[in-house]
Amino acid sequence: MIPRYCPEPFAELWSPAAKYATWLDVELAACTAMEHPEAALVPPGTAARLRGACLRLDPARIDAIERTVKHDIIAFLTHVEELGGPEARWLHFGLTSSDVLDTSFALLLGRAAGLLAERLDRLIAALARRAQEHAATPMIGRSHGMHAEPIAFGLALAGHLMECKRGRARLRAAREEIAVGKLSGAVGTHAHLSPAIEARALASLGLRPETAATQVVARDRHAAFFAALGLLAAGVERLAVNVRGWQRSEVGEVAEGFGAGQKGSSAMPHKRNPIASENLCGLARLVRGALGPALENVALWHERDISHSSVERAIAPDATTLLGYMLERAAELVTGLEVFPERMRQNIEASAGRCFSEAVLLQLVRAGLGRQQAYAIVQRAALAPPGMGQDFRARLGADPEVAALLAPADLDRCFDLAHALRHVPALVSRALAAE
Amino acid sequence: MIPRYCPEPFAELWSPAAKYATWLDVELAACTAMEHPEAALVPPGTAARLRGACLRLDPARIDAIERTVKHDIIAFLTHVEELGGPEARWLHFGLTSSDVLDTSFALLLGRAAGLLAERLDRLIAALARRAQEHAATPMIGRSHGMHAEPIAFGLALAGHLMECKRGRARLRAAREEIAVGKLSGAVGTHAHLSPAIEARALASLGLRPETAATQVVARDRHAAFFAALGLLAAGVERLAVNVRGWQRSEVGEVAEGFGAGQKGSSAMPHKRNPIASENLCGLARLVRGALGPALENVALWHERDISHSSVERAIAPDATTLLGYMLERAAELVTGLEVFPERMRQNIEASAGRCFSEAVLLQLVRAGLGRQQAYAIVQRAALAPPGMGQDFRARLGADPEVAALLAPADLDRCFDLAHALRHVPALVSRALAAE
Amino acid sequence: MIPRYCPEPFAELWSPAAKYATWLDVELAACTAMEHPEAALVPPGTAARLRGACLRLDPARIDAIERTVKHDIIAFLTHVEELGGPEARWLHFGLTSSDVLDTSFALLLGRAAGLLAERLDRLIAALARRAQEHAATPMIGRSHGMHAEPIAFGLALAGHLMECKRGRARLRAAREEIAVGKLSGAVGTHAHLSPAIEARALASLGLRPETAATQVVARDRHAAFFAALGLLAAGVERLAVNVRGWQRSEVGEVAEGFGAGQKGSSAMPHKRNPIASENLCGLARLVRGALGPALENVALWHERDISHSSVERAIAPDATTLLGYMLERAAELVTGLEVFPERMRQNIEASAGRCFSEAVLLQLVRAGLGRQQAYAIVQRAALAPPGMGQDFRARLGADPEVAALLAPADLDRCFDLAHALRHVPALVSRALAAE
Amino acid sequence: MIPRYCPEPFAELWSPAAKYATWLDVELAACTAMEHPEAALVPPGTAARLRGACLRLDPARIDAIERTVKHDIIAFLTHVEELGGPEARWLHFGLTSSDVLDTSFALLLGRAAGLLAERLDRLIAALARRAQEHAATPMIGRSHGMHAEPIAFGLALAGHLMECKRGRARLRAAREEIAVGKLSGAVGTHAHLSPAIEARALASLGLRPETAATQVVARDRHAAFFAALGLLAAGVERLAVNVRGWQRSEVGEVAEGFGAGQKGSSAMPHKRNPIASENLCGLARLVRGALGPALENVALWHERDISHSSVERAIAPDATTLLGYMLERAAELVTGLEVFPERMRQNIEASAGRCFSEAVLLQLVRAGLGRQQAYAIVQRAALAPPGMGQDFRARLGADPEVAALLAPADLDRCFDLAHALRHVPALVSRALAAE
């Protein structure tokens, strides 16, 4: 976690203090379930008394103990015994470290998912606003980076909007997948605590029990979670790549906001660069990059080995935090994006009507020409050096084969921007309305 | 696609013939929708006549044309014009290549998902059978590769069963994600064909329209699909790693089936190796490896660039086929796995009761000892050179601190295998019943 | 290996016939070394006679045998016994399958490296030619996709040239790393054949012995090889991304060659797209993607497990072939690239001199102004809506703070393109001369 | 960078203070070169005076300035102007941010490589010591996790030793690749500073100039560096996987050191686990995982975009630090590894001679039998339920086909452990002596 890219709530979420507090929550939830009359393993009131005694856990003390015992949960429990006295022996009763760690991990990752969802909602709202605003702003569509046919800028944003909405649905599903704890003991057999105790304790934490646990909650769940993060990051990256393309000097259709006092280059005072978008592209590489290690974590040996642990210590805070930062920054980017409709229109016009070549092709087909024949005729008129000359419409008009089939007015109708975009506002509306 | 790892139905699915046939299906579905009286763009009966004329597409001819035009869809259409005559000009009317390619891709990937689902169901059935068979077969549980507490072999299989069931749910969701086509034209604006035509044509193919398309169906959908494949592969890998561990010479608890006439090593006639499991581990690396390129495919430039195309030509057949092979081979592996309960029991016994150390610890806690104190006492008795000596129970009995708190009978009760496994059959049943 | 992306020599190299022939070469090299008087393990002339008898190996027959024995090397040996008769028993004497497989793999990968090196040399030559040709062709330099300061087009190519030369050096080093065989038997102990026999046989094949083998040649060597391929692919990708940027409709500084009869889009006849470059970007994802599995192959269990095998069956042919195709296509791309110096000059001029803003800044610093002060003055004059207005030089001239420090002639000297590029031809020459 | 896995020197190396100090070094080296009489761009003594004025850079102040200017180098320079006064305007003269950043990055990464090299040397020394110690300690060799033929434990370690030595050679080469700076200005053209100034300044820092720079040093160099780290990590992982296999309860041939007071499990006091090795496996996933993003960083747009920056902020400290920790921990692991030769011998004996099956096979071949015939005979005697019965030698002796060809004494000679290992000490010595 790099401070530069770490929104405050993520710093807090992944702090040692939050981790130990969550461990304590899990231990006390288990203890409370063991106090329940049906279980009656632990004297009533124990959890409540320990909660009081342990209000101030000391992370530094826990770290110091760990240096001797080389086991983080044991260090934590030893510290809790220091604070809680003899009654603390009831904590961790029948549990194994992974019961606490994995159940806590579910809680922490779940909270991270919540923070991500809030930020994603803001990005979705920003995209929706701008998509609506520009539902009828003509822009040249580009395939292969080359002018294709016209679109509206709002339609491009609607595509990103839908991608974010799909990402939201995946994030929800992934959050469900990891909302699973376990208190089934050392090898998942409930040798010391019954399934009923587990069910009761986990329910109090808002979690379901792992159906058939080993020592741990199965890691395919977490890998699926990181896949959802990677997909979201890839979606934000697509938006960022597009902004970078639209802002290029020669294109000039949008510009990232530029703060008062901001400087674009240490050397060149004239520079104003799409640095937010570039930053998002880099961060996406990192978030996507977490998926490889997460997938390698799945095949733990037998009831488990501990190789996943170091991986998760890194990727869980890193990937969630970086994605949280990405979503915040992307929402700002979209909100603050300057849009230049006039330049968009100039760019459309720069192709001298070539962006309507398909309309001519289809008119010729309708007039009875074979498709490949018609294609050859239009292509002949259209191909020109890059930068595209000014003579497409004229060449077509002068072509005897075209003239034989299309009256000048028929030909003119092919170059109708409004007609080309007639369905677009409805498409944008459909995206705004979609889940 | 390597013949060695390519089940027949996948070879067929990804053949050029199947590809071109699917393209034709899409073109004809679009054509039919354009014939519909509400659209009336194309003369009635055109699609039916072209279907008849194009029964025998010639992949070699299409390839030959492509060498000139350097565009696969145009080559296909040119060949269709050769077969279908002038009426063929109505094919591809208002469409762009990606309309055909992406819609076809949805159909092909969907069929691949179907083939995978069948194979996964067979693996799930095999795991369920063996889990039930061994729901009460005791085995030592292992964490860190070291003896932990007893489990039943069926419980370990139930864990794999659940992982496969989760994989099945993810595969279904991923299949839904990619069951999306588009016929919205060059840049997704429906400039030449209405949304109604698209909806009608796609419905006839069993697909939904992309909500806000660019030139293509958004690639996050496909990346999500490959993520589901990667997760499944990782789950099969976990099973394979476990079999490899259980079969090791010193462990000897299971053995992969070994055919009559099979040879394990060219040099050493005594060898019998878990090669299926090792093969599954390698293949999992490949299937997981498809995910990186799939995620990089998401951020296409603007309405799209074509960088995804070569990637998909490789990973779509490769990842689905390899996973199909993996699922088949894993099902055979599970079905044919030889299991040695006697050896499992010997292994449990080899620790001389150390696998019950937690039960002793908890008894001491119940008797009032602090957890860390109790731990120290039991650890002292348990730690021994690797291979673990024969004296754990005896050392405990001789320990005055233990004797002061636990009567010999209390101590004996800690070493009760049946008690330790009392909940396990119910856990296995739960997994069998789960979705 | 996809036919579309498979140059002929690679298809041949990775054919079953070539594989079996190479296995035979290795077996016969070992046999010959065993015939040597110092070893005298095998009757003289055996290898020569077997070579004669086995001239026509039958891949289909080997495959048929493998279906029973489930071991490819044993199937091969059985077939060789069919052809060679009783003397064939001397083949594989003291060897294990991996001796043959890994030594053959070194030979095949080495040949692949040779094919790659030839193609890389052609790309290097093409880049060198075009870099020299355009060593003095002014072009706007771009950082963040935005106009920066002028460069020459040849300098950009020289950067790619150097990257390819570094890639060549890495490919050579990687080829050295894998030019290693082993004939040390089942677990690398030379239990049955002496190190001297191994050394003699490998030398005859142009290979060195693995220093301390297990059953196999260590897989870090191969992972290093695939890393070299991935790095080369990434370098080609950078070139391709740049071409795509330079060819964008609004930029128009270069264009990929476009064949007679070629069609850019099935829908839009006016299209002419940088499809070679896009294709190279996609293929780079695949070649880079081989590295993950290659690295996972390193940690084989103990003397080895066979999980690497399936991975290598896929990535060795695929990554080398795809990269071979990439290098061929990149060389064609560079050779055939149309370059438009006039458009480059227009693009430089479009910023109305802003690309010289640093020169003004430095003049003001020289004149005694603090850097940040000078920066603010120049930035004020330079910042303008995207697309950049026409008034930068004028605004500067009118700025009293500037006027106080710089005479108009001093200011004018800042806008000197030739001065800005005075060192460039020497830089290009340096790159041409470098190794 | 996770404190848990961060050796002190790495924490220091990657601290903000070290970063800013290195930036200053680079700026002052450039300034000094500009003072040189041949350049005479800057008044003599400027660098020395600024060095004095800037002894105490304040990272917090720099961060505060950055929040306004949103550019880290400009923030740094602004702070330096605060400390250094008017003369500070000579800093950064003719430079661009990347000149400073990339040159500094070369220095920092180079130092990281130095720290890694020290740690790797210690691991190599530890492996060499233990390999020598156990050059004649018999151990069963294992392929596929199954008993193969005997090796010596020292030979297995020698394999790891050689892998580390190869990793050392790669690390050195990679360090050379990134020992490159640039001071060629905004787009690498030396528009404002001559190549001579760059050469002089970089030489004073121990670096070479980038041959043909863009705005940045080419990122394939850094990707190659991260590849070298990933390969090293994969090598350490292989060692760790092997230790985990050797320590498994049933195998028991080695054990990781276990500190006084250490606890292996919070639940099970008897546990003693190979946690260092498991930790190394997890960390290797992370270090290998840095390579994907590093390779994606290569294809920066044109003279560069800034997408690589965030990636490097994460992976440069993370991958070097984690690998540094890995190397330290691996060296401790090897040094402290408990080895149990007696258990190794028992494991060899457990196969009742099957590990010599190849010797019998070869004797039969020598006696004139066809290889596949001989194989069938030995396999028949050897195959038995896993765990391998006690009757291999006996069955062979009783086999009439064997008896017809081999006298009992001939057969006995096949089972000679010393003979099987006769070459091993020399192989270990060869590895110790190798570079």
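To keep things simple, chains are lettered A, B, C and D as they appear, and every chain counts its residues starting from 1.
By our rule, a contact is a pair of C-beta atoms (placed from the backbone, for glycine too) under 8 Å apart; a residue touches a chain by one contact, two chains touch by 3 or more.
All figures in this text were calculated on a predicted structure; none of them were measured in a lab.
Peer 1: Using CA atoms for the superposition, what rotation angle relates chain A to chain B, in steps of 5 degrees?
Peer 2: That rotation is 180 degrees, given to the nearest 5.
Peer 1: What's the distance between the Cα centroids of chain C and chain D, rounded to whole Å?
Peer 2: 23
Peer 1: Cα centroid separation between chain A and chain D, in whole Å?
Peer 2: 32
Peer 1: For chain B, write out the residues touching at least two other chains, lowest number first.
Peer 2: In chain B, the residues touching two or more other chains are 74, 77, 92, 94, 142-145, 148-149, 185-186, 244-245, 263-265, 267-268, 273, 275, 278, 281, 288, 292, 296, 301, 305-306, 358.
Peer 1: Considering only which chains touch which, how would you classify the arrangement: line, ring, star, complete or other?
Peer 2: Its topology is that of a complete graph.
Peer 1: For chain B, which residues count as touching chain D in their complex?
Peer 2: Per the touch definition, chain B meets chain D at residues 140, 142-149, 244-245, 247-255, 258, 263-265, 267-275, 278, 292, 296, 338, 340, 343, 347, 350-351, 354-355, 357-358, 360-361, 375-376, 378-379, 382-383, 385-388, 392.
Peer 1: Going by the contact rule at the top, pick out the chain D residues touching chain C in the complex.
Peer 2: Residue list for chain D touching chain C: 74, 77-78, 81, 86, 88-94, 141-145, 148-152, 155-156, 158-159, 161-163, 166-167, 170, 173, 177, 185-192, 194-195, 211-215, 218, 220-221, 223-224, 227, 230-231, 234-235, 237-238, 240-242, 245, 281, 284, 288, 291-292, 295-296, 298-306, 358-359, 362, 365, 368-372, 374, 419-421, 423-424, 426-428, 430-431, 434.
Peer 1: State the interface residues of chain D toward chain A in the complex, per the touch definition above.
Peer 2: Per the stated touch rule, the residues are 2, 4-5, 68-71, 73-74, 77, 92, 95-97, 100, 185-186, 244, 259, 261-268, 273, 275, 278-279, 281-283, 285-286, 288-290, 292-293, 296-297, 301, 305-311, 313-315, 318, 322.
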